[in-house]
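Have a look at these structures, which come just after this line.
Paired with chain B in one complex and with chain C in the other, chain A is shared by the two complexes that follow.
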Partner chain A sequence: MNAYIICLYAILERESLRFVGQRGRFVAALVRPLVWLLVFAAGFRAALGLSITPPYETYITYEVYIVPGLCGMIQLFNGMQSSLSLVYDREMGSMRLLLTSPMPRWWLLFCKLLAGVTISIFQVYAFLAIAAAFGIVLPWAGYLLALPALVISGLTLGALGLALSSIIRQLENFAGVMNFVIFPMFFLSSALYPLWRMAESSVLLRDICAVNPFTHAVELIRFALYAEVNGPALGWTLLALTVFMALALWGYDPARGLIRRKG
Partner chain B sequence: MPEADSGLRVSHVSYSYGSKEALQDVSFSVARHRFCALLGPNGAGKSTLFALLTRLFVSPEGRIEIAGIDLARTPRAALARIGIVFQQPTLDLELTVRRNLTYFAALHGLTGRAAAQRIDAALERLDMRERAGERARELNGGHRRRTEIARCLIHDPEVILLDEPTVGLDAASRRAITDYVHRLCEEDGLTVLWATHLVDEVKPQDQLLVLHRGRILAEGTAAEVAGDRPLADAFLSMTAAEAS
Partner chain C sequence: MMRTILAASLLTLAAPAGAAEIWVSNEKDDTISVIDVETLEVVRTIPTGERPRGITFSQDYSRLYICASDSDTVQVMDPETGEILHDLPSGEDPEQFVLHPNDRHLYIANEDDAVTTVVDTETRKVIAQINVGIEPEGMAVSPDGKIVITTSETTNMAHWIDTESKSIFANTLVDSRPRHAEFIKEGGELWVSSEIGGTITVFNVADQSEVAKIRFEVQGVHEDRVQPVGFEFTADEKRAFVALGPSNHVAVVNAETFEVEKYILVGRRVWHMDFSPDRSLLFTTNGVSGDVTVIDVAALEPIKTIKVGRFPWGAAARP
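Right after this comes the complex of A and B.
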């Protein structure tokens, strides 16, 4: 077997075992979107009217609208949490162990990223299954087509986390990043409200939402869940992935020495 | 010493964190099959040197050769020849000893029976074979360290680097680990660089480097550096003279 594949498989296996070991993390990852879906959305459906916009072909309830956004949220949290574990790993030394492997560094980081994405996709499907149990059922083709979309959105959000983890030196700073990255990205996106709704209250806010890569990741997932491809969202998400991945590789470049510790 | 004979060669390496110089023009070499102790008080620059040797970051100046291979020019070939034991524990405590080692083997592209054989041999070497099925969490500090040393041997390196491997261990475990690594050097012909701030881990015939404030203060066998005094006294007066 090729050394690259052996390495990828080992990293996937290790991250999966760690995930299975942390049952609390899985429960938290599911409870968060379910609270939004079953509590927030239920209360909100009366307040917000939605017109028929693609990919929806009929009137939908608010719960149906926010499902793709919540899938994105799961991946956003997971991406940040994986990088939280990177910061922790770096302090604990196992990131050092990984980076001193003779494999190219970009491949090691990519394996780590892919492991995080795999776990996030597992979480998303578990969430979709529970949503289906509560009556929010999507077309069958949507469940299938969502997979490639989730891989792309997961890689993008994971790469963002990876880039951030190379910049953040300490765990304490990470709480700040959660506040300054996760919340703005989530609220300033199409996850909770359609952009045209946003424009009614503020055009500026709508414009901010429109350049937020998370909006495009969510739209990519939304269309995929209805077995449609949103070309612009796909393009923007891939562009964001390229930029975030380049930033992450730059951040982990040994010549830049961001993994510096005091000597 | 001829070029080809060096297990590890560092020439004119400097490194600074912003304006704080951590290493200033450090040069030394360790002959193949030698045990070299890198002795220095805390903050001397040992960890920085290790980070450069393991390419966690790279020095803008100087040159590092591992078993004759330039680390800057062919980093992957050089890294494949190094075994590393970090100062921080790096075992996954929830996994068994064997799983930890299998994971590491895979990071070096080893799998299946070839990996299993090397893992068994490495565990055997450190008398850890019967512990293979235990979770790392159940091991005491000394056995965890031994697992990490066994792990660094799996890919059959020529040079092993150990960054204060006995930190936090009791006297008996410290002695056991120091002896194990000396034996690896004598019997298996490995080149060893062992960083420490404890003089009692250094044997008189070992090569010794004294590092203080980012510079090499003394180099030779431990017996030569100590002269007619105990090594501890020589080390203290050397580093104290510098400090005042």
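Right after this comes the complex of A and C.
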């Protein structure tokens, strides 16, 4: 058991060191949602239209609406960046070293995942603090209750990143991930517009959004930030976590996985 | 959610037992929605005459007076049973009114007739009709009952009526389409809102001179949509809350410096408002979105929006 903890600690420490070392990455992780919040949302202040959807109890400005979506965005990018780092590690060899450790592979991957989630949660709270400084203050209980939601959503998005990293051969392919994973997931979700708004333009788009796991991760965070639990979103997110994790484990299994197939 | 619970629990501490209510007239539904101040839910919906707009309670809250504009009458309702007791003669198209401190005389603005009608609620007779400007709307009475104000939407004037002689003793120009008027400082100061002009004019009552003009500017909203209508003062009269119509915001105005401190987002086309009896909560009627937004007066934050009937117009608190 002790060995498991040591392994977890070592991976956490390595990832933290890497994160601290890459100040640019931290700044980028914060600037991205802040640009959305302070520039994009400002231009669309009135675009949301007026309708009260749970968990909100009164009318809100667009800035308030997109905060949970931007928390999800931070975790989505972070999940993908962790996967990028795995590709890098694999190219540079430290990944091979890690995977030859006597620890079970699922534990290694889980530690890697957990390290990524920890960093993403740190980024999310930094973002929420800046948002609060700009007047977007949430109920205090929401800040606390968002933590478990962020852990679940972070694990889900991180697991997706892990699954993807098992099929990406080179660093350069990350642009593909941006185009085919991050952008569709982000835009086809409730992060920027509520689903009723999507339905106004296209019911099909709304349905795609409704099955997108990112939508449910965002809704889970959104309700948690207002100290409420969204049961269906929690269920969907946990289901997605299970599927992505299974895919990642399968992808990294040297006997059957995609690594072997690529040779 | 937590904030609501907090506000509700504070309210339970502050309010005496026996739930206070906010009564809201729904212009298009011909009903009144009654909101429980503790649960912040609609507990009763009562039918009224056609197009109810201004509503006010008698001093002992045993009677509710309703301007049923399209029925051309002022209805008197028993708030316990919701039954219409009788109608009062009101002149045509009564829109707004004010109850004199004597608890007996109603001063009614007759929008289509350019008159202010004075009705005795006991004898149920019209005791005077005063010619005022075109489309009278806003009504106010000074606390000592000596002065009644009628504002006329098209003439753009506040008409100062001497309640003794029932005649106009002064007229003051205000900005375009004056909608609402209120006295503060024991009748020393009069505020008049102008919907199209986008201002509130503050008068010194003693000599009817203009003291200040308050302007509004809501970030991201075109100035044409910033239209001040109803407004109310906190108990200490240090702050005014001003409904800004289709800008969907309520302005918080410092009543001493006449500066706007904050804009609070509410529903669409916010029109009138009233405080809960303990003045800890403010209820605004949002006409187009058909709901009432509840504002925490201490925190200056909206806490909940409650669906009522179509086109809510007036609001009145009942302890």
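In the analysis below, the second predicted complex is superposed on the first by the 254 of 263 C-alpha atoms of A that agree within 3 Å, B and C clash if a C-alpha of one lies under 4 Å from a C-alpha of the other, contacts with A are read in each partner's own complex, and residues count from 1 in each chain.
In the analysis below, a residue touches a chain if its C-beta (ideal position, glycine included) is under 8 Å from a C-beta of that chain, and two chains touch if they have at least 3 such contacts.
The shown structure was predicted, so the numbers you read here are calculated from the model rather than taken from an experiment.
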### Overlay on chain A: chain C relative to chain B, clash or fit
fit
### Query
Once both structures sit on top of one another, what is the angle chain B-chain A-chain C taken between CA centres, to the nearest 10 degrees?
170
### Query
In the superposed arrangement, does A:227 touch chain B (first), chain C (second), both or neither?
second
### Message
Of the two partners chain B and chain C, which one touches more residues belonging to chain A?
### Response
B
### Message
Quick check on the superposed pair: does A:57 touch chain B, chain C, both, or neither? Answer first, second, both or neither.
### Response
second
### Query
Looking at the overlay, does A:139 come into contact with chain B only (first), chain C only (second), both, or neither?
second
### Query
Once both complexes sit on top of each other, what is the least C-alpha distance from chain B to chain C, rounded to whole angstrom?
44
### Summary
Note: in the complex, chain B contacts chain A through residues 15, 17, 22-23, 43, 45-49, 51, 54-58, 60, 76-77, 79-80, 82, 84, 86-90, 92, 94-95, 102-104, 106-112, 214
### Query
Along chain A, where are the residues that touch chain B in the complex?
1, 3-4, 6-7, 9-11, 13-14, 17-18, 21, 91-94, 96-104, 108, 254-257, 259-263
### Task
Mind listing the chain A positions that touch chain C in their complex?
42, 45-46, 50, 52, 55, 57-61, 139-142, 226-228
### Query
Hey, which residues of chain C end up touching chain A in the complex?
1-4, 219-221, 248, 265-268, 289, 293-294, 302-305
